[in-house]
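Following this line, the structures themselves.
Here subunit A shows up in two complexes: once beside subunit B, once beside subunit C.
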Partner chain A sequence: MGDSSNLDLISDLPQSIIESILTRLPIRDAVRTSFLSSKFRYRWAALTHLVFDEDCVPLSNDRALFEDKLINFITRALFLHQGPIHKFQLCTSYLQSCPEIDQWILFLSRKDIKELVLELGESEWIRIPSCLFKCNKLICLELFRCELDPPPTFKGFMCLKTLNLYQVFVASDAIESLISSCPLLENLSLSYSDSLTLNIYAPNLKYLCLEGEFKDICLQNTPLLIAMSVAMYMTEDIAEHMQQSSSCNFIKLLGSVPYLEKLTGRIYFTKYLSIGDDRGRLSVTYSHLKIIELYQVSFEDMKEILVVLHLITNSPNLKELQISGSSNTLAAMEATDLDFWDKECPSPCLFERLKVVKMTEMSGVPHEMEFIKFLLERSPVLEVMSIMPCPSVMDGRLNMLIELVRFRRASARAEILFIQC
Partner chain B sequence: MADDGVNTKVEAVSKATTETIELRTEDGGVFDVDKPVAMEFLILKSFYEDEGRVFDKTSIRLPNVKQLELSKVIEYCTRALEFGAKSAAAAGDKDAERMVRQEREGFEAEFVDELSNEMLKELILAVNFLDIKEMLDFLIRSVANRIRNRSVAYVRQFFDIENDFTPQEEDQIHQENAWAFEGVDAD
Partner chain C sequence: MSEAVIAVVKPEMKSYIWLQTADGSIQQVEEEVAVFCPMICREVIQTGMGSSKNYAISLPQRVNPAILGLVLDYCRFHQVPGRSNKERKNFDEKFIRMDTKRLCELTSAADSLQLKPLVDITSRALARIIEGKTPEEIRETFHLPDDLTEEEKLEPLRNITADPRIRLLNRLYARKRKELKEREKLKNVEIVEEQLDDRSVDDLLSFINGGDGDTKGARTNRSKKKNRRRKDQSKVVTSLCVCAGASMLHDLSSACHVGKVSNGLLASSSTCSKFQDSAVMSFSPKVEFDDGDIDDGIDPAMKEELDREVEDFARRLNSDWPERMQEILSLGQERRCRPEVMNQW
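Up next, the complex of A and B:
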């Protein structure tokens, strides 16, 4: 048998391991380790990652009491804490705006905070206090449902690499200048901050995610962008308003992203891109673009499919293409101009790297079928073409299949998968 | 092959063409470990890289590691490398990626289930010494899972920690941290 001396196997582990263990515990458990032994008494207080949620305090039917307890818990934990705090996360729908939050943020601004995540309840959005803008070591900031109003003296977060704003009420010029004053910004995600007009100036930006109703987006300076995902909601009058202006949305969004590798567009994205003057062909080649995913593409809108064509013919290294349709079959069935594809794209154009194509929500309308035919004819290394019809289209499926079978394939290896659903 | 004795020679991943290295544990165990697996032990990796040595079949003594722990470490690292390769092969195919993930989660759950608290602690010490980041992370998560929501007495016993507080000190801590102890039952 081993020696009977009490081998305390944890207290002498390196602080980093103990901290890792404590960090993975709910904060309440971590605080309770103060009871274990004198060595442990204040170990929890040196944790640099603090994550709070409603599990910190026992459940209670009395909502006001529960809120008070939670506020008390967080305040006490912060008060007893020693040393820097690198991450502070508070996610709970049980807390609304309260004066203590301002104090917590003030406290954190003095503790070298690097990562801040704040997600509170929906009914009363908090106004982010100006002391947040003094957290000059911030690397990652995530805010949900709040009002953001940077003070005029704010010069930017010099270390900020990630910014996620979800349903944040902020003025267009405020967010524009916030973005442009964060020189190291690499990841930007803006969701549902409606009616923004954005000029994005972010020389180090690599990943961009935009969701919501934007009046106008222009990527003014994002030369290093690698991946872009846009879900564009548009009302009729915004679309009308855009038609009036002569600027070309395609160029504003995709005019200077030469290193783009992945593009994802949803809702009205292709429609948005199709708006505006497109005098003369764009001369941008997307030589790094490998994956294109476009959803809700309306194949009866000639301008939209011209956008699709434009994208794929300017991406010589495209490997994977996914298109989800959204065609109003009545209008689309009367399609004219079916030699559009060959007309717009003269013979030598081949998709030399295209391996996988997925077409979903297909209604079988003429332009959709022509597009599939077009791709099959011009993709010499294609491996898979998968087609998923729209669940509501039942009668047209056989016709779709009959047409598909006839199409010539440039690639002997190409498999056509018709996926029933 | 003899089981569970001193001087057990264990062949990890039978690939005749792979280079192996011999590791000796402090309690006499001898293991032939494939090079890719051995290189996951950063303590070994730096030994070879820093010294500029050629990877020949020298025998290395691991003074702080026992054979039971080492065999577990080798088992985990070998499977981890396999899962890594499977993940890479499945890249882009969401269904395949999910399957690999689930398979890995199943293996990890089974692996940790078989470990007693004692063994878990010993493994952490061994893996910390060998400097294997991924496995250390996995073990730390497993420890956290085992002590989460447990009483103070349980956690003390789990780590063999001696309670060196006087009753007055305990009272004091209770006062100080009462806000964190609301609604907690024993064990």
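Up next, the complex of A and C:
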């Protein structure tokens, strides 16, 4: 073949490039490069990012055999691996809890693991072994559907910046102490770990995402929070329990987040905020808050719309507002107190930066229309007001339009978009 | 009064950086384009080089002028701040459409210039080329030598099966490899032996006169020994004789070509006997080792098959030797060697 080393295009590239290429291949193809030539032999074994899923082994109808093959593949790959492993990701619904997982995590804990993502099948939740808590170089941890039980001697992940727990079975105090013992924590996401009472103490936290049935949430110390997304699933008894307590949820959640830039509240968020004793006006100004998205706001509940009013009047730099209604039409139609908006809002109160407003799921009930009118009158730089009626409302649309056309607009540039669906 | 319109064109005050590639050629590039590469930027800032032709910045060896042109095209596009992400993405996708060789060179150059975004898109393109291809296809695309043995290719992921056929195959290949190694070793031994040839002229003379007989004798000796060994039922022994035969043959043919028949024949016959002595000596421990090696895990039927196969192979080789030897000897003695010998005397 002549001087083959001259013709060879790729084997002599530096290891960092080979790693860059092999990391972008599915792990099965990366391992197979070991068969190519002597220079490629075991080069994949130095990869620091290992991502496994069910494509690692050929498909097979026999479920148990497939599981075995996959487990073998992962075990062999780990066994042949050399050097540190910085990222390990395993996402497949074909694997349930199996004893090998404990050994894999133990192996990884000795390999300076920095990022660990584990998402397995749904029928059996794995119990995370205690060796996970010895991975003291962890920067990012994502766990799906498992049981987490930190040992009492656990002092925290000193380097952890991202924690993402989805359907994880963990006790309230365990998760609280886990969060507070990770001093560098910046991203926290807790989904569907139900019935938690949370006091979040995270001085460096920037991004927070909470979703599920929480009994109580209190942002005790999150001064640097930039973005927050909360979806509160509330049952009747939780709501009752909250009514009886005297603490104000609004203050508990939004009392000390001065740098907040984006707020997203889903499901019963505004209802949750409305519960609790208000004790007069809030004094917090959210001078960085630019985007507010609120879903399932029921405009017939005066407390809820008071919450909305509070939020927008205390955010002088608000640029974008999105509200999705969920009004019980019958109850809402009997609305009284329609000058509520002007009454409660201190004048002159202008939304001087508000440019975009999106109202969705509008049923055309009086308070919704009053709110739109209120916004149009007080937003001098508004550019777009888009309104999407609720799909189930067919008859009221014409009336909505008639009212909309009448409203005065403070901004000459404002476009009103009525989006049919 | 006519108004003469004079157009005043201000020369653009652009600064240029001088770059020198490994082949010695020097290029001039706009500064804002060149410093998009971290390595060049650092050179300019830290050492102040690049401001004139004499002080051109030397680029790493992996950057040749054609590839440098490509890199600079990339820099020229991306250093403009106002472009949207979509524009950049579109440019990147069109940019990496090139043949594989160029792509590899570009990756290498981008890496040596520390231009990470370019390394990323080229690596991604290379990964896309590799993904889904069979090993043969990948070897062809990148001109990789197929220099792994079959056994190496089988391990490690397939070693996990207890498949007896694979283990048999592994064992066969192990034996063949051993044979090859022995052959190599004997060749080396023989080369060493040849150098110790210090016979006198008289010896040479006497040998030439009795030359034919000796070689024949040597041949018979060898075959006798061969037969005896075959009776021992040791495969490696027979194949070693094969090796011995092969190197003998090699020896004789080279002797004929060179014309130094006398020396060659003498040398080869003596080495032949020395050969076999050393062969016998080095053998016995190996035979034992080998026997011990046989007995794990393979059932007797397979073992029989294995024995038969390797013997077959050895026999095939061995049967050729006597005829070939005769052929070459006759060739040598009749055509070239005799006339030359005559000439010397």
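By definition in this document, the second predicted complex is superposed on the first by the 415 of 421 C-alpha atoms of A that agree within 3 Å, B and C clash if a C-alpha of one lies under 4 Å from a C-alpha of the other, contacts with A are read in each partner's own complex, and residues count from 1 in each chain.
As a convention for this text, a contact is a pair of C-beta atoms (placed from the backbone, for glycine too) under 8 Å apart; a residue touches a chain by one contact, two chains touch by 3 or more.
In this text the structure is predicted, and so the values were computed from the model without any measurement.
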Label the relationship between subunit B and subunit C on subunit A in the superposed model as either fit or clash.
clash
Is A:R110 touching anything from subunit B or subunit C once the two structures are fitted on A? First, second, both or neither.
neither
With the two structures laid over each other on chain A, which partner does A:R32 touch: subunit B (first), subunit C (second), both, or neither?
both
By the touch definition at the top of the document, which applies to A:V57: first (subunit B), second (subunit C), both, or neither?
first
Once chain A of both complexes is superposed, is A:R413 in touch with subunit B (first), subunit C (second), both, or neither?
neither
Common interface residues of subunit A - those touching subunit B in one complex and subunit C in the other:
7-11, 13-14, 17, 20-21, 24-26, 29, 31-33, 35-38, 40-41, 72-73, 76, 80
Please give the residue numbers of subunit A that touch subunit C in the complex, ascending.
1, 4, 7-11, 13-14, 16-17, 20-22, 24-26, 29, 31-33, 35-41, 72-73, 76, 80
Partner subunit B, residues of subunit A touching it in the complex
6-11, 13-14, 17, 20-21, 24-26, 28-29, 31-38, 40-41, 57-58, 69, 72-73, 76-77, 80, 320
Once bound in the complex, which stretches of subunit B touch subunit A?
92, 121-122, 124-125, 128, 136-137, 140-141, 143-144, 147-150, 152, 155-156, 159-165, 169-170, 173, 176-177, 179-184
So, in the complex, the side of subunit C touching subunit A is made of residues 100-101, 104, 107-108, 111, 119-120, 123-124, 126-128, 130-132, 135, 138-139, 142-148, 152-153, 156-157, 160
